[in-house]
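One chain, subunit A, appears in both complexes that follow, with subunit B as partner in the first and subunit C in the second.
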Partner chain A sequence: MADAPVVEMVDLHKRYGATEALRGLTLHVPAGSIFGFLGRNGAGKTTTIKILLGMVRPSAGRATVFGLAADAASGSVEIRRRTAFVSDEKDLYDSMTVAEIIRFTAGFFPRWRDDLEQRYLRKFELPPDRKVKALSRGMRTKLALLLSLSRGAELLVLDEPTAGLDPAMTEEVLQALVGHAAREGMTIFFSSHQITEVEQIADAVAIIDRGRTVVSGALDDLRENFRRVQLVFDGEAPAAAFEAPGITRVRRAGRMLTVLSTAGAEPILDRARALHAVSMDVVPVTLKEIFLESVTTEE
Partner chain B sequence: MLLRPNPASGVPIYLQLMEQVKHAIETGALRPGEQLPGIRPLAEELVINANTVAKAYRELEHEGVIELRHGAGAFVSANGRPKKATEKLRAGQAVVGDAVRRLRERGVTDEEIRRLFEAELAGVAKTGESRG
Partner chain C sequence: MLWYKSWRDTRWRFFVGLGVLMLSGVSVVLIYPRVLALVPLVPSSDVGGEVGRRIREIAQLSREFRGYIWAQWFHQNVRQEWTVVSALLGTGGLVAQGSTGALFTLSLPVSRNRLVAVRAAAGLAELLVIAVAAALLLPIIAPAVGERYAVVDALAHAVCMFAAGAVFFSLACLLSTSFDDPWRPLLIAVVAAAVLAMCETVLRDLQPYSVFAVMSGDVYFRTGHLPWVGIVASAAVSASLLLVATVNLARRDF
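Then we have the complex of A and B:
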């Protein structure tokens, strides 16, 4: 995790006419990590991925992948050579059979790994002679994954990889991803709004909202540092006393005060003791709660 | 032997794994000198990040619970956990078990009990005198 980041984005802006899709997005994806990229629909996830792949140029800011500028023509070609991408559409040639599309795709990639192709063909139980258009949604996703995992890429970018899959199929896909990341030591960047799957397999995350990064870092650090503290006072709860760095939200309801901290519970408890709180409860915060606290819910 | 961690519990997964390994040693499910599952197979089996398993193993090694032998894998430390510590934990478990049972009898829910323990561990005990 100490390696240079594979993907680095600093203060990215992207404007489409009057619409600002990105408004100062910053991301660091550590080498060898499984990076979960979370945000509501329209938060800017797909735009970010398109910039990363050199398909869209940022209006301002810096985006590098493997240390190469994503908006320079030469950099972009090299980045795409070393990066596999699975779109949420899972674009595949419908008229080909599974075996045909595998051979067809392999032809484009000199670093194609026959061993991985065979491994995933077996693991995913894909029928070689079936036409792509006759595959179920789950099979289609697995085929798209096989084609990306066999490319010998160093970075795998997935846009909503498990969208529309049933829980058993989702688990199979996640298992393939963690296994692949462990064996091949590659970096996986995946966007999702399935928070539970991000919690399960990611080791680093970013939550974006309205084109900005609102939370990012190692998932374990977030889990250890986010705390909700519920305080009860004898009289009116003194909300103002809890406005300090690391405290993201203070809610008051009569004698009760709920404080959300990104820097552990200790500073809040110290403060609360000094103010003679009559009761203090510390509760860990799940990624789902972090997400809901970080993104705007009003339109 | 090791169970699927609960990713949504708010507790880091590597800590959950560490607790499971320690528990397995305390109950005798894992004995001194025995080998733990490899990092990659375990990551795949539990469908969690291999870096997370590696982190749990590193921390367990740091605490002297297991030994990482280069190229061979992870093993429960030969001297294991000192017997004294095991006894101390057993005695502690009895105290905690008793407290939990009494709280349940008073109608305190498990979630409330969990929060009481969390708060106590986080140092709220120091404010005992200001409790109304």
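Then we have the complex of A and C:
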């Protein structure tokens, strides 16, 4: 995987009236990665994606794709020329047929891939003469994918690509994405709240909560570095002593302290020993646990 | 491809508008013999005031086919029908598309300014086609009632209709960048037209400067000259409304 980021967001803010959708989101998506963008409903995933594509303007901060500013009119057009997007609603033109919307979309992309169009038409068994509004949700998703994958894009942005699909269809869509990324070497940035599918195909993830990035990195690194350490003390657990860089969450329950670390367990264990902890347990965590720990509010 | 999309989005409104205007024009021409038969009865009418004056004026104009067409169609029917058709063609667009393709359109490598420009240009082209086709129908079917209507007159009135109609089209376009349904822009544009018409009736001194005077081609009918000031003013107002629509859409979050 190359290191140069395709997508960069720094201290990104978005306010809708009194509601703050993004509150200082910072994110880097490496080129060639399949990047899972996790968060609860309303965490700010869709807003972030819309900012990248110039559909929503940020209130503050910086968002760039291919080094181009997403909120600049000319940069945004160039970004969309090199990016394919599938919205969570699989938003398409209902009045067109499958063949018509393919021809319509192809007209905007000089690098349109006829070979991929034909391949995915066959693979997805899409009926060219059927109106888009007559397609099932699964077929609609497949059509949206065909329109995205055939663009010859360098970046594919998907907002909840498998939302509303049955498990078989979900698997088919995920396999198509992984296969395409492997063959074409494109970067995939997809939002989801389905942790299992992110774990299945992503090689890097970011978890956002209430408009902020709480966890970000390569999935293997996260699995390696994320540790939950459960500590028991004689008296009141000294939570403040563990608030340091690399500590994602500290939760206290009387004498017991649960510390979630992104930098392995050793620094915590060292500190716990110094504070005379009476019990220390280190537990590896799954992505689901990382997610739940990251987005759960400290009581 | 955006032109094609714009055409697909508006084609039914275009055909409805074309149908309404053509039907209206044909009806006005075909009933001319019956109107002509009634004209001699009008001077005996003792209706006074503004209504009486209007009836006598129309009766006087109707003694000639050109006058009748202007009084009955361009000055009366067209004002109402054309205003609604123009506003109807201006509604819709990106915001009103809602969940049926707006995000897909916005994901294409096209600037929002270009989206508005193509939408406006396609709508105005449709408006011009309806105006010219409906007006040219007059010289074509006039022989059916034993009359003639000059093609030049028809084209001149079509230009006037188009210029004034563009104002209501552009107003509806602008409103469509603020409301996410097609009905409120149409309703507000029609109400605005009704208010303008009422102002024109109450403040008679303003009549020559009214957009409806441009629409019905008053100056052209009476002098044979196109109302260039009114046409340019209408074009300026229309361009301003479309510019505001462009700015409005560019600032909008989707």
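Note that in this section the second predicted complex is superposed on the first by the 242 of 299 C-alpha atoms of A that agree within 3 Å, B and C clash if a C-alpha of one lies under 4 Å from a C-alpha of the other, contacts with A are read in each partner's own complex, and residues count from 1 in each chain.
Methods note: a residue touches a chain if its C-beta (ideal position, glycine included) is under 8 Å from a C-beta of that chain, and two chains touch if they have at least 3 such contacts.
All figures in this text were calculated on a predicted structure; none of them were measured in a lab.
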>> Going by the contact rule set out at the top, does A:Asp91 touch subunit B (first), subunit C (second), both, or neither?
In response: second
>> Touch test for A:Gly54: subunit B only (first), subunit C only (second), both, or neither?
In response: second
>> For A:Arg81, using the defined touch cut-off, is the partner it touches subunit B, subunit C, both, or neither? Pick first, second, both or neither.
In response: second
> After lining up the shared chain so the two structures overlap, which partner does A:Asp220 touch, if you call subunit B first and subunit C second: first, second, both or neither?
Replying inline: first
> Does the superposition put A:Arg273 against subunit B (first), subunit C (second), both, or neither?
Replying inline: first
>> Once the two complexes are aligned on chain A, which partner has more residues of subunit A within touching range, subunit B or subunit C?
In response: B
> Is A:Ala43 in contact with subunit B, with subunit C, with both, or with neither (first, second, both, neither)?
Replying inline: neither
> Which subunit A residues lie in the overlap of the subunit B contact set and the subunit C contact set?
Replying inline: none
>> Taking the touch rule as given, give the residues of subunit A at its contact with subunit C in the complex, in rising order.
In response: 16, 50, 53-57, 73-74, 76-78, 80-81, 83-85, 87, 89, 91-96, 104-105, 107-109
>> Taking the touch rule as given, give the residues of subunit A at its contact with subunit B in the complex, in rising order.
In response: 1, 32-34, 171, 174-175, 178-179, 181-183, 196, 199-203, 219-220, 223-224, 226, 234, 265-266, 269, 272-273, 276-288
> In the complex formed with subunit A, which residues of subunit C make contact?
Replying inline: 1, 4-5, 8, 99-104, 106-113, 250-251, 253-254
>> Under the stated contact criterion, what part of subunit B meets subunit A in this complex?
In response: 7-14, 39-40, 43-44, 47-52, 55, 115-116, 118-119, 122-124, 126-127, 130-132
